[in-house]
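Next, two complexes with chain A in common: one pairs it with chain B, the other with chain C.
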Partner chain A sequence: MEALSIGLDAFFLAPFRDMFSLPDLLIQVIWEGFVSGVLYALIALGFVLIYKASSVFNFAQGIMVVFAALVLVSLYNYGVPAWLALILTIGVMGLLALSIERVILRKLVNQHEAILLMATIGLTLIIKGAGQLFFGGEPKSMITEELGLSTGSSDWEVFDGIVIFQHIDIAAAVIAIIMVAALALFFSKTRIGRALRAVADDHQAALSVGISLNQIWAIVWFASGIVALVTGIMWGARSDVSFALEIIALKALAVLILGGFTSVPGAIVGGLIVGIGEKLFEVYWGPIFGGGVEAWFAYVLALIFLLFRPQGMFGERHIERV
Partner chain B sequence: MLYREAGQFKTTYADDQALLPIAQDRIGLFIILAIAFVALPLFASEFFLSSIMIPFLVFSLAAIGLNILMGYAGQLSLGTGAFMGVGAYACYKLTTLYPDMSIIVVLLLSGVFSAAIGVVFGLPSLRIKGLYLAITTLAAQFFLEWCFIRIGWLYNYNDSGAIEVPTRTILGLAVTGPQATPLTRYMFILCVVTIMTLIAANVLRGRIGRSWMMIRDMDIAAELMGIKPLNAKLSAFAFSSYYCGVAGALMVFFWLGSAEVEAFDINHSFLILFMVIIGGMGSLTGCFMGAAFIWVLPVILRAIPSAFDLNLLAATMEHISSIVIGVLIIFFLIVEPHGLARLWQIGKEKLRTWPFPYAT
Partner chain C sequence: MSATSETVATQASTNGTSVLLSVDNVTLTFGGVKAISDISFNINKGEIRAIIGPNGAGKTSMLNVINGFYHPQKGQISYKGKTRRRMKPYQAASSGIARTFQNVALFSGMSTLDNIMSGRSLKMKRGLFWQALHVGPARQEEIEHRAYVEKIIDFLEIAHIRKQPVGKLPYGLQKRVELGRAMAMEPELLLLDEPMAGMNLEEKEDMSRFVLDLNSEFGTTIALIEHDMGVVMDLADRVVVLDYGQKIADGTPAEVQSNQNVIDAYLGVAS
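Moving on, here comes the complex of A and B:
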């Protein structure tokens, strides 16, 4: 009985006591979680863009992030100035989008979702192999300062302690917010944006009013390529650019579950929940399990969530017919 | 011309329901089995047995496990590697706790643990479908991987964190551990895989197997027709995980000899997934074809540069084979989404009508 009450206390009460006894640490943890949540959200955003327009579940989004960052860094290392390297990388992502649409998607129109998913898994292998072949598999450091991003940090004294904000984290948050706002405007105000929404609603109806599916697909893949590039820069600045990032990108899948596959705000909120949740869980509950719980927290959270709301937080409810 | 069923009349219901109703198929299977059981042990080199045939058989069994779940019951899973890990660790724990227990019994029991874990992670499938389910199986993958690292009891608290296979004998002959020869290990695996494939083939065409296929084709309709989704889905998870678990135990005990967590990681799950896709979802023959393709192709690719006296780094070859496999996956999806097994089927159909394809 005593052991039980100690166990309950350790699980349900002690973590909260820890939180309130050191509020500066709590703020730091939440901030860290917020930033990684923003990055998860960015990856998830790339998924959502493509899923909405073509109902392709793009497994290759994670590797596209790595690939974009690698191209950028490698171009710079070959002696190309940073701004030109950035423009060239955008060009490379555009080419990639065009060729994916031309070579893969166009041939697989009207196939089952699972088959399209498999095709993007094949694409992942190709990009991964090609990336390692051309740029080498070793981790590279991101050219943060050359792109005009500050690498310093600011301290904030609060509750008799210090909370450290890395400038790059602040930049990541700001850029993410700008990008989401820009995407929202693009979707609702421009001609192409409205065409994208039409395609997302109904492929056939969109075709019949004269929207070119091929063009739209190339555009969404390009857009998610740009999102991948931004994510790659931000993530590369926090750690190194390496292929290990691909596994981390899988967490964006858990984010998608929480947010729903078709919802842009869902991707953001889901990303933040997963980011902050897993940091808090790791710091305050992790020791009970022996650490390392970050590896599975996001997925288990998603699994539990799914049991209660199978369509995600903002996803559309499915009605099934026979 | 040779492949004709003309003149083969079936006089009993049992004949009609035979696993291979056409005599030529039976002969073909008999020849393949004869090669596998007699010719290969007599003539194949140790290298061929231990680094091509043994992994091929292990992966075939794992692919059958995944195919039961994915191709027959229609439940997408990305956690195969972890389920194989459960089998391997269970086998290791059982055989170190009870050293006197026969390795065959241990092997069969270890699959039971894997099946139990599979059922637990299969529970969400009752509410979740399709891609969402694929992501919850990722939860199984990462959670179980974490368990394999953090729970020291599973690897008997040894310092390396790896499981080392002890020597076990059957009738005085060492079948596992360092003393076992590739030949004995090959023969043991071959027997296990043959028997389990036969069982799978019969389960799949029986009542349970057909209820899985109904769930796959349209679950709501299946429910209306009296199939209990709970029973069908969970039994598919249990059956599939059992096969994966036994395959995992075979992999560590009869092929690798020792294994760490990396042997069961997410890339491993994907490898098996590719085998099922390329081989063909919903086909047992396809599992063997896919496993042969994915496992043997890189071996051949690695042999090509040395044949032309090109000195490429091993890492470079690794990357090239990754690209080639990726291209092939997409190629197959575009040309024939149902995999090698369907191509084989089409080939046989052509052969039947040859040389008069329009005479029906």
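Moving on, here comes the complex of A and C:
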């Protein structure tokens, strides 16, 4: 009886006492969680863009992040100035989008979703192989400062302690917010944005008003290529650019399950919940489990969602009329 | 000169009107099932042409062939004098063929206005670059097309639901929005798949009025599938009747109505 109440206290009350006894640490943890959350949200956004427009679950999103970052860094290492390398990388992502649409999607129109998923798994292997062939397998450091991003940090004195803000994290948050806002505006205010939403809603009806599916697909793949590039730069700046980055895309899967596969706001909110949640859990509950909880927190959360709300927080519940 | 274009020419001269679209010996099969077998008919410029027939007669398949969703195994389709064996939906839309669907196919998450604006897709030419910036020419273009769409909204008397998401609208209004989207394409040929299905009498009267006005004021040629015989007889200039994928009659409403094959198809034959 005594042991149980100690256990309950340790799990349900002690972590909150810890949080309030050191508020500066709490702010630090939430901030770091927020930044990872923003990056998860960006990767999830890349998935959502493609899934909405073409019902393709793009398994290659993770490797696209790595690929974009590798192209950028390698171009710089070959002696191309950073700004030009950035423009060229955007061009490469555009070419990649066009060739994926031409070579893969166009041949697989109207196939089952599982077939399209398999195609993107194949695509993952091809991009990975090509990346290793051209750029080698060893980790590279991101050209953060060369791109004009500060690597310093600022301290904020608060609650008798300090909270440290890495400038790169601030930049990541600001850029991610700008990108999301720009995408939202583009979707709601322009012809192509409207066409995108139309395609997401009803393929046949979209075709009947003369919207070209091929064009829309190339555009969404390009857009998610750009999102991948930004994620690659930001994530690469925090660690290194290596093929191991690919696995952060798996975290984005959990984000998608939380947010719903078709919802842009869902990707953002889901990303923040996973990012902040896993950091808090690691710091305050981690010791109970002997640490390392950050690695599985997202998936357990996703599992709970799958049990009780499989369409996610913002996803559309599919009811088919027969 | 191919054989087809000659037949088109002769038909045109005998009728005194020009043929907009002609379907020649079209056969469409799905696996072993013949949805359409060897059907030929034409649609004259400016007329209202009805396609009728019992359920499963191949009417919707016929529309799907005309706007390029299905590619027939045999036969061909000539539109505005051009013959194509295979036409893609995009080509059909850009050459002026618009359509509505039997089970309303709207973009249910979008507002009435955005749905109808999406019909302007092909008319808007500014590229991705300008649109991404959302300034200058792209913005100007958006405003011009908006004005045209407002005209359609007035014509269809749906100003009060302009901003509402269409998924929540009653069925009759959804059908009207769908017609609006097709009108926004400024089509030469408009295909309507059961535009009055599931409507009450008043809604049917409204829809009939829109179809007639669209035909007379905008000069749009219309091909419609409809089950309500009263509506068909009132609206259509000519009627083609399908049954089990075959054409069993073709002519004016009065001719078709008294045709024995048609009566048999609808009422059954005593054996």
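Before moving on, here are some points about what is shown:
Going forward, the second predicted complex is superposed on the first by the 319 of 322 C-alpha atoms of A that agree within 3 Å, B and C clash if a C-alpha of one lies under 4 Å from a C-alpha of the other, contacts with A are read in each partner's own complex, and residues count from 1 in each chain.
Everything that follows uses one rule, which is that a residue touches a chain if its C-beta (ideal position, glycine included) is under 8 Å from a C-beta of that chain, and two chains touch if they have at least 3 such contacts.
It should be emphasised that the depicted structure is a prediction, and the values quoted were computed from it without experimental measurement.
Bringing the complexes onto one copy of chain A puts chain B beside chain C with no clash.
By the document's definition of touching, of the two partners only chain B reaches A:118; chain C does not. When the shared chain is aligned, chain B comes close enough to touch A:290, but chain C does not. Set against each other, chain B and chain C touch different numbers of residues in chain A, with B touching more. An angle of 90 degrees, to the nearest 10, separates chain B from chain C at the C-alpha centre of chain A in the overlay. Contact with chain B, but none with chain C, is seen for A:104 once the two complexes are overlaid on the shared chain. Once chain A of one complex is fitted onto chain A of the other, the partner contacts of A:207 are limited to chain C, with no touch recorded for chain B.
In the superposed model, A:197 lies in contact with chain C only, and not with chain B.
By the document's definition of touching, of the two partners only chain C reaches A:185; chain B does not. The superposed arrangement places chain B and chain C with a least CA-CA distance of 16 Å. With the contact threshold set out at the top, residues 321 of chain A are in contact with chain B in one structure and with chain C in the other.
On the chain A side of its complex with chain C, the touching residues are 185-186, 189-195, 197-198, 200-202, 204-212, 219, 321. Per the touch definition, chain C reaches chain A in the complex via residues 67, 69, 89-90, 93-94, 98-99, 101, 103, 105-110, 114, 117-122, 124, 126, 128, 131-132, 134, 138, 142, 181-182, 184-185.
Chain A meets chain B in the complex at residues 57, 103-104, 107-108, 111-115, 117-119, 121-130, 132-133, 137, 247, 250, 253-254, 256-257, 261, 289-293, 295-296, 299-300, 302-303, 306-307, 310, 320-322.
Chain B makes touch with chain A in their complex at residues 76, 124, 127-132, 134-136, 138-139, 142-143, 145-146, 149-150, 218, 220-221, 224, 266, 270, 273-274, 277, 315-316, 318-323, 325-330, 333-334, 337.
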